[in-house]
Each structure stands twice: as structure tokens, then as C-alpha cells.
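Below, each structure is written out as C-alpha cells.
Both complexes shown next keep chain A, but they swap its partner, so chain B is in the first and chain C is in the second.
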Partner chain A sequence: MTPLRLMAATFAVAATVGAGGTAAAEEFTVGVQIPLTGAMARSGTGMSEGIQTAAELFNKSNAKHKIKLVTIDDESNPAKAVAAVEKLASQGVVALVGGFGSNIIGPASDAASKLNLVYMTAGGVDNDLTKRGHKNFFRINNTQGYERAVTQLFEEQGVKSVSIVYSTKEATADLAKDLQKSLAPKGIKVTLHPFDPAITDFKPIINKIKLQDKSEVIFMSAYENDYVGIIRAAKVLKPEIKAIVGVWSLATSKMWKDFPDLMPNITGTSLLPYPVDYKQPEGKLFNDTYRKMFNKDVDYLAQFGYVKATLLFEAIARAADGGSLKKGGLADELRKTNKETLIGRVQFDASGDNLNFRHRMGQHQDGKIVIVSPKSEATGPIVWPGLPW
Partner chain B sequence: MNAMRRTAFALLAVLYVAVPAALGSNNYLMGLVVSSLIVAGVAVAWALLGNLGGMVSFGHAAFFGVGGYASALLTMKLGIPVLLAIPLAGLVAVLFSVAMLPALRLSGPYFALAILAYAQIFRILATEMEFLTHGSGGISQIPVLPTIAGFDLSSRTGQFLLLLTLLAAFLAAYDAIRRSHYGIALRAMHDSEDATRVVGVNSVLLKSWMLFVSAFMTGVIGAVNAHVINFLEPDYAFSGIWSVLPIVAAIFGGYRTVTGPAIGAVVIYLVDQLVFKALVSTGHQIILGSVLALMILFAPDGLLPLLRNALRRMRGASHA
Partner chain C sequence: MSELVLQALYSGLLVGGVYALIALGLALTFGTMRVINLAHGELVLLAAYMAYMVESRLQLNPVFAVPLAVLVACTCSALVYLLVDRIRKNRELNSLMLTFAIGIVITNAVLLIFSGDVRSTGSPFMQDAVQLGPLFSMKSELGAFIISLVLVFALWQWLSRSWYGRAVRAVSSNRDAAKLMGINPARTELISFIVAGALAACAGVALYSSSVVHPALGHALTVKAFIITVLAGVGSVPGVLAAALLLGVTEAMTVTLWSSALQELVGMTLFLVVLLVLPNGLFGTARRRG
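So, the complex of A and B:
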């Protein structure tokens, strides 16, 4: 064999091996529609980082399938979210993951449904989202999980009266009203204080709580900017309460970093402590990878992003293996999910809801988030009474 | 028919055919074009009020939101067909604009601020009238545009054709008013309202009519938008962006011209979403802001007069 022929033969073998390698690792594009700017940016960024980590880990551990993410910032705007979904669809994505805020996820997932694309989220808990009859809509969390966690905290602390300050948006109003229904039969006095999402001065509401309600706890069913306004007003007026409790996007490291004067002893929903202390190997791997990628510790928003994306990627791989991916079989494959994840067991019902979802409560303590409820899963004692002042 | 009108009609005919032919298969691009036409519709309505009525409004979101909610409720609560609900929503916006008539006594920044306040009042009404509007939770599953004679208006191409038709109608109405005796009177009012009144022009009545026409146009566009996006909430429907973006678009395109605001809206929306957002995926608005600042500094009359002057210079150079 002449040197030239030898080179040609070597090249041919290399090309064949290379081609074989490429064919084995089939690549699927997944669209990420998420708020990276605007009112929901803080939460959207956390979720987005979790999704990126999920893709990194999936691609490392899966030789047959690769996931490529295409991310579009929906600017916390429903119309831009719809445009993002349409753009991602035009780029040939096999599914969509992301969204934050029920009022944005609603139209975005409507658009995805029209395009027959699976939409997986952890950012919209509005009860109506799963009542639309969409076959392609899935979410790993819901209002009931938040309601159970808050109710358990109040029971454990023997709370007698609560003033619920809630934004009149769909998801926050649903949670406030559901919580009132579950607390009243337990003998806990509940007073509701709805507020227009546009208001920024909460002093009149806090004054009412201070002078009229005289409740033990202020519970906030709202979003990040509202929390800041409510706690700031409470810090000024100092009502005689024992605690301020909230829900999503509150017990996060980012909130402590941005508002260290407002967060001490504030309690919110959180599935894991901060700094994170995973016991299971999957959690440790997720944390290590996340730290390498973003140079910070995981928080629960990133974890939600990771879990929802991982479940989606695994379903894509299963559907691809089973030959149903291109025939619209991804939704059916997701519906077969029955897996223990970092947020507990996930199983979807016919409407795409994860009925096993149950949250925990975390408290800001000196820059850390300590899981304080349920007591059986607490990573430290709760500071009660405990206020930022 | 003069040369400019012939050109406008020819351009319109080309747009009807060329855009769906070129982009019809791409939902995303058609979606952006549809969104840009929605902004264009409000920009034309805003420019009409500013140019003919002499009133600078910072609150067109009020008419936009009222139109959207009116059409959504007319179709969902009363079962009125979507294509009938859209003009009715325009009339509801006119009805609401009657509440703004006292503000016509004001001028300049006072009028602008008063209209801004009205927009806030309407947004709060939409939030508080929960029994009707579903409050801050908003209204979802708003009916889509219908299918007429086998043609699906809810498709992106259908939405485009409907909006282009409305925009063309608005521009024709604007041009007709501008050329009429009323238009002459309105322009005379710009120079001296007192002098115009002395010669017998009822300036308050004329300004009221311009407010009604502008409110109707904006309400109709708000209604179409509601049936395009199928969702409304007060923060979105009455968002300040519906007041600010049309102003920016009109000034960018040349708000003293009839077609400038529409062209400005389409250009800035598409360039921002297709070019600036591709360059800077988060925070792309900063580039748009810089371009607008430069435009206002160096070409305060807007894009259309700038292009016309450039064209004239080129013709002059070729003749010389």
C-alpha cells in the first residue's frame, strides 16, 4: 500500500468512526422560554441556570442522545413569551421548558398547545392552568403543595391568627383563598388583605394589621417586589407580630444578597437549605456541576429548573428510543413518569399536574436558609418569634 | 390621484401579497409583523391626535386597554361575534374618552399628564371590577379571530391581513381628515387657537372629534390584539408600553407625516426584535434607546422626512 493509499484508508476509517459516533448521539433541540429581564427576572434566571445544569449533566451521562438548549428571554411579558414560543417552534425544538408567572405561562403554553409542542414548567401554580384541557402541558409544582407546607408550619408553631396580604393576581389569590379555607377549620383566625399588584406602598395595609387585626403572623402571597414592599412597610411600622411568612421566590440566597436588611428570620417555601446539603448522589452531582458552571451554591429555583428539565430530557430520550418522538408521543412518555427526584416523587395526572408535590419551609438565618418545617425534615431550629427588626 | 397616493396604493397591494408569500410559513416572523402592526395602529392614532388635535397624549394605553377588555367581554359574556365586537369595542373606547373631555381645556404637559391619569384610573377599574373583568387574574381563552369563507383569520396570515386592512383604513381616514376643511382649521389652531376661534372655528368641538377618532382607532387595535393574544390582564392591557412605544415609533418615523408613524412602528419593532435582540439577547432595549436618542438629535423630523430629503438630494445630484 502506497503512503497515499494508506492515508486515504486511514481517513476513510476515521470518517466512518466519526460518522458512527455522530449518528449514535442524536441531538434534540429544546426551547427555553424564560424571563431574564423584567419583573420576573430574578426567578427566571435561577430556573434558567438549573435548566442549563440539567442539560450539561444529561449530555455527560447520555451517550445516545444530546440536548441542545436555545434560550429566549420573554422579558416578563406575555406577548413576548408567545413570540418566543413561536420563534423556538420555528427553530425546530422538540419541546419547551421554562416560564415563570402564571399570567405569562398561560398564553405561552396556549401558543405551545396550538403548535402541538410539550410545555414543561415549574413557574405557574394557577389552578386554571391545568383545567384548560391541554394535552401537552406539564408542571411539577402546584398551589396545593405550597398550601400544605404553610398550613403545617402554622400548626407546628401553634399560630392562632394570620393576616394574609395577597396580590390579586390569579395564582397568589388562589393560594390566599385556599389557605383561608384550610386554616379556618383548624381554629386559626384569618383576615384577608388583597392588594392591587401595581401598588408599592404597603403601609396602609400593615397599619390595619397593626391596629385592627393584631394577628400573630403576616402571611404574604405575592411576588418578589411585593415582598420587599410589605417587609419594608412592616419594618417601619413594627406591628406586634411573631413572624412574616411568604411563599415562592422568598427563601432564596439572591433575596438575602439583594436585601440583607429585610430578610433576617423571614420564612418562605424552600425545598432545600442554603448552602445546600444534598444527601443523595444525584443532588451532590447537581450541586457540584452547578457550582462549577455558575460559581455559586444551588438554591431551590435552580433545583426546580433542574428537575423539570431533567424529567423532560429523559422523556425525550425514551420517546426517541421508542420511536414515538416524531409522532407526537412525548406527552404520553412524560405521563408515564414515576420517578424519585430532588423535589420528591413526580407523577403526572391526566391534566399534567404533579399531585405528589409537597413543599417545605425555609427561614433566612444569617445569610443561610434553614429548613424549619416540617419538623421531621428540619435542618435546624426555627427562630420564633423572629423578625427582621 | 397624485403620484404619492398611487405609490402608497401600489405599496399596499405589494404588502398584501408579498409579506404572506415571503413569511407566511414562519409563524414567528409573521407574529412579529403582526405585533409591529398593532403598535403601528396605535402610533397612527396617537399621531392623529397630536398632529391634528394638537394634543400630546401619554395615555393611549387607556383606549387600548378599554378596547381589549370591551371586545373580550362582548364576545365572552354576550356572545357577540368577534368581527362585530371589534368595532363595538372601538365605540366603547370612544364612550370612555367622553370622560376625558374636561381635560381638553388643558394644553401641553397638563393635558398629557391628565390623560396619563385617566389611563391609571381605567387600569384600576379593570382591576377592581372583578365580577366583570376577573381582576388582576385577567381573562384567558378569549375567542380567536373567526374563519370567514374558509379563510382562517386567526392564522398569522389572517391576523396580518386584517391588521393591514385596518391600518390602511386608518391612514386613509387620517389623510382625508387632514385634507378636509376641518384639517385646515385644526392646523390653523396649532398656530393660534385664539385667532382660529375669532374667525368662527369651534376649537373645542374639533378637538373633541379628534379625541374620539383617535380613541376609536386605538380601541379597535386593542380589541384585535385581545383576539390575537387570547389573554388580558390589567397590567398588560393598560401597560405604559402601549402609551410609550407608539410615541417613540411616531417620532422615529416622523409624526408630522401621515405614514411616518406606521413605518416608524414597523421599523423599530422589527429591528429591535430581529437585530438588537439577536445581538444582545437581554437588555437589547439599550441599543434601541441609543438609536432613538441619535435619531432625535440628528434627524428630529423622523425617518420618513430623512429618507425623502436623501432621495431628493440623490435626484438633484443625478440631474446635475
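So, the complex of A and C:
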């Protein structure tokens, strides 16, 4: 073969392979309905960044399928979330991922169900979400996972009495009531203090705990702004307690950075220690890619966003390969999920709930988050009694 | 029990003081122009973020943010007035929509610039506990309460004693008659909006120093300010303080004696009952037609 013919043949092969490669990379559009503005903006933005990282990594590692994200900001508003779902459906998305806040995810996933679209989330833990009989609804976290982690911490520390201060929003109220149910049979005295999400002065509640309840532990089922108000009120009134424990958005590096005076020895749910130390290669890759894309440390929101989106993208690829994607087979494909992820093993039950979700408890210690419970997974000892003052 | 009730009364008074500070500006513009500035809470929020900026960037106590907060809030308040002043038809209704839209714009600008994170002062001095016998509070709460009393008194004196204050009352009472007396209504209204901006600035800095702020807070602040303004009765500055303290104490007592979940409900019930029994508010008088 002359050099000219060899070159022509090489070009022909390269062109064929190239054309073949392009033709094989089928693109699927996934709708992201998420709050980027409004009351849930911070949480929505964190989740959205995780979803974007998942798409980036999926597209890099997957030559056969590509994911294109179309994002609509639902402005933390249920009506706008429904409109976003309908608009995304009209744009031909194969599935939806996102949502934050059970009150928003509820109507948005109702709309998705009517449109026969899979809805995958990690932002709503309200028990009622999985009791509606929707075949297309999936979530990777739930109240039970949080409840189990907190109960175990209290058992490990031999807690005898707890005052639960909780916001009357769905998810926080659900968690408080479920926790009361699980603690009472163990002989732990529980007093409930529900509060309206609009309140900012927690001193009257903390004073009741100080003078009437006299509990060992204050447990907060609330959100970031409430945590700050509750811990501040406790710091002023100094009730004789052993610890202050909370749930989501509390044991994060961000809370330490923003409120270093309030966070020492505060414990909250956390899947990750800080500094982040992933053992598995997937975690390291996620961490590096996220840092490159957003120039900041991974947090639990991004991790939840990444895990739910990755599971969805992989199910889309499997359904496309099996030829069932266009026949409504994505939900069945997701139901077959049985995978070890960055938040533990994920398997969905018939209602779309993650059977294995279980949180860990992390404690703020000198700017680090130390996993302190369950003891089998602890990265350091707990400071108990331990308070910010 | 008495210790609980005393602390609730004390906490309620302190919270009421901050409520009064937030409501003063809205009460002034509502009293002057019959314009409900639905962006007032967002002006307070903007001032709170100025305090955050000064504290986080310059490492200064948030109190030092007052001049910057006054400048920003007054400028925005003046711009709100200039836009409202362009409304030619049905000003009372159209200004509602306009100021509501301005509030949304400010909220989203704050969100874009400062992100959706929760912010509050990190100053240990502001958060230190002050103990008065069996009563506890933060220094910042006590400070905000005292500032509120001072500003209520100053505004009251300004409205009743100064020329511009009397001009504001004259325009509020009868715009055309005030014009015949040589008062420039547009300038008077602009001044009242600027003063409202300055009050919003003080409220914002006090709020940041004693509580928690986030971009979505503005609307809730406006609603609280509006409830207090209506409870007080249009045009009554001491009434604003009294209504705010009443609301604060009622809320705190509800938490202590009943349930914290009912705090907002009881506040709204008080508002509705007062409106039913005294349609002009606690200290308002029936408005005469000029």
C-alpha cells in the first residue's frame, strides 16, 4: 500500500469510527426542577451543583449515552414547581430530578405522576410522600434514616430525657413525632415544643426547658435559621443540659465557618466527616470534579444531589439499552437498583423509598466534623457532655 | 412559674422593641401618603446585609454599618418614592403592585449578591448575655430596644415640632390644602420616604445584630410591620411602639403559657379582634375628609 493510500484508508477508518461514535451517543434530556431562589435557595443550589457534577461525570465515562440537563428554578414555590414540571415535560424530558422541601415536592411529583414521568428526589422526607401510591416517585433519603441515627446516639450516650424543639413544617414535625414514638418505649422522657417557622425569639421555649422540663438534651428538628436562634437563646439562658443535637444542615463546615461561636460540640446528622475524606474511588472522583467545577468543598447537599442524579442517569442508560425507556420502563429499571453509593446501599421499595437509608451523627470539634455515632463508624470520640459555652 | 412569666414579659418587650423599629418607617409612609410600601421589609433586609458586609469584610462591629446602611436604604427608599410618584391613576392600589414588585427585585438582588445563606452577627460583644436579676437577654437585644425607644421619641418630636414634620402631617391630612399653605407635597413626601429609609436602616442593623437574616425574610418583615401599623392606627407614632410591644408580649406569653406553635396565630387573632372592635386601630382617629 502506498503512503497516500494508507493515509486515505486511515482517514476512512477514523471517519467511520467517528461517525459511528457520534451516532451511538444518544442524548437524553433530564429536567431539573429545583429552588434556586426563594426560601430554599441555598439547599436547592447545593443539590443542583451535585446534579451538575453527576451529569459531568456520567457524560465523561459514558460514550454511548449523554445526559443533557434542563433546569428550571421553582422559586421555592409549590405552584411554580408544578408549572416547572409541566414545562419540562413539554420540552420532552425523559425524567425529572430535584425538588427541595416536602411541601414543594408533593405537588410537583403529583404533576410528574400525571404526566407519567419519573421523579427522583433527595429533598423531601415527609412520610406522606411515599404513601400516595405513585409508581414513578423515588427518593434516596427519608425520616426513618434520620430518626434511627438520632435514637442510636441517645442510646449510646444513655440519655434519659430529651426536649424536642421542632418547626411545625411537615418534615420537621414528622421527624419530631417519629422520634418521640421511638424514644418513649426505650424509657427516654420526651417533651415536645412545636414552634411556628416564623418565630425568631426562642428564649421563652428554652426557659420552659430550663425551668420545667429540666431535660438532659435539647433536640432541634428545624432548619439553619432556627438552629442559630435556638442555640443563641440557650447560650443566653444556659439551661443545665448535656448536649444540643439537631439534624440536617447543622453538622456542616459552612455552619462552623458562619457561626464559630455557636457550633462547638453541637451534634447533627452528617454522612461525611470534615475535612472530607472519601475512601472509595467514586467519592474521590466526585470530590475532585466538584471542587474543579465549583471551587469549594463538597457538602451533604451536593452529595445527595450527585447520588440521586447518578442513580437516575444509570437507570436511564440501562432502560435505553434494554429498549424500555420509551415504553415507560424507567421506573421499573430504577426499582431494580441495588447499588453501593456515597450514602450507603440504595434499594427502592414498591413506594419508591430507599430501604437502607441510615444517617450518621457528626459533632463540631475545633472546626472539624467528627463522625461520633454509630460507634462502629465513628472517626473520633464524642465530647459528652459538650456544649458551646 | 413567676420566673417563666417574668422572662416571657421581658423577652416580649425586647422583641416588641425590634418590631417597633421595623414598623416605624412603614407607618410613616403609610400615614403620609396612604401608600403601603410593600418593599419596606426588603429595605430593612438590605440594611441588615450592609451590616453583614461591614462585619464580614471590614471585621468591624455591625453598629459601624449604620452610615452605609442609611445611605443605601435612603437611596432605595427615595427611588421607590420616585417610581410611586409616577403613578397617575389609582395610586393606592397601583403602588401596592409596584412596591411588591420592587420587593421581589431587592430580594433576588440580595440573593444573587449574598447567596441564600443564613447570616447573623458573629460579634461576641453583641451576643453576650445581660442579666437583670432573674431576667436574661443578649446585649444586642437590649441595645435594639433602647434604640427603638429613642427613635420613636425622635420621630414623634420631629413630626410634632419641626417644620418638615408639620409639613408631613399637613400633606397627610389634606394634600391640596397643604399646597395652598406653600408646602411642596412632592418634596415633603420624598422627605418622609427618606426618613423611612433611615429608620429601615437602623432596624436592619438592629435585626442583624440580634437575630438571623436570610434573603427570603423581607416579605415576613413587611407583613409584621403592616400588622403593627394597622394595630397602632394610622398616624400615631407612640401607637406604633405600643402596638409592637403588645404584639411582642402577646407572642411571648402565648409561647410560655400555651404553645409556641400558636404564637403567630394568636398575634393574627389579636390583629383581627382589634380591627373588629376598633376599626381605626388602638390609637388612630377617624379620618376626616378634607
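Criterion: the second predicted complex is superposed on the first by the 370 of 389 C-alpha atoms of A that agree within 3 Å, B and C clash if a C-alpha of one lies under 4 Å from a C-alpha of the other, contacts with A are read in each partner's own complex, and residues count from 1 in each chain.
Here is the rule we go by: contacts are C-beta pairs under 8 Å (C-beta built on N, C-alpha and C of every residue); 3 or more make two chains touch, one makes a residue touch a chain.
Remember, it's a predicted structure, so these values are computed and weren't measured experimentally.
Engineer: Could you classify chain B and chain C on chain A, in the superposed arrangement, as clash or fit?
Structural biologist: When both complexes are placed onto chain A, chain B and chain C end up clashing with one another.
Engineer: A:R132 contacts which: chain B (first), chain C (second), both, neither?
Structural biologist: first
Engineer: Give one of first, second, both or neither to describe whether A:G106 is in contact with chain B, with chain C, with both, or with none.
Structural biologist: First partner only, chain B.
Engineer: In the overlay, answer first, second, both or neither for which of chain B and chain C A:E86 touches.
Structural biologist: Once the two structures are laid over each other on A, A:E86 reaches chain B alone.
Engineer: Kindly classify A:L115 by the partners it touches after superposition: chain B alone (first), chain C alone (second), both, or neither?
Structural biologist: first
Engineer: On the A-aligned overlay, A:Q280 touches which partner chain: chain B = first, chain C = second, or both, or neither?
Structural biologist: Touch status of A:Q280: no partner.
Engineer: Where does A:N338 make contact in the superposed view: on chain B (first), on chain C (second), on both, or on neither?
Structural biologist: neither
Engineer: Return first, second, both or neither, reflecting whether A:D73 touches chain B, chain C, both chains, or no partner chain.
Structural biologist: first
Engineer: Of the partners chain B and chain C, which touch A:D196 in the superposed model: first, second, both, neither?
Structural biologist: both
Engineer: In this superposition, which partner touches a larger number of chain A residues, chain B or chain C?
Structural biologist: C
Engineer: Determine, for the stretches 42-50, 96-104, 132-140 or 150-158 of chain C, which one clashes with chain B when the structures are superposed.
Structural biologist: None of the options clash except 96-104.
Engineer: State which residues of chain A lie in both footprints, the one left by chain B and the one left by chain C.
Structural biologist: 37, 168, 196, 198
Engineer: Okay, in this complex, where on chain A does chain C touch?
Structural biologist: The touching residues are 37-45, 76, 168, 193-196, 198-201, 203-205, 207-208, 211-212, 224-225, 228-229, 232, 235-238, 254, 258-261.
Engineer: Applying the document's contact rule, which stretches of chain A touch chain B when the two form their complex?
Structural biologist: Residue positions touching the partner: 36-37, 71-73, 77-79, 82-83, 86-87, 89-90, 103, 106-107, 110, 115, 126, 128, 132, 167-170, 173, 196-198.
Engineer: Could you list, by residue number, the parts of chain B that touch chain A in their complex?
Structural biologist: By the definition above, chain B touches chain A via 26-29, 31-32, 35, 123-124, 127-128, 130, 135-138, 140-141, 229-231, 233-236, 273, 281-283.
Engineer: Under the touch definition given earlier, write down the residues of chain C that touch chain A in their complex.
Structural biologist: 3-4, 7-8, 11, 14-15, 107-108, 111, 115-120, 122, 124, 127, 129, 136-138, 211-212, 214-216, 220, 251-252, 255-256, 259-265
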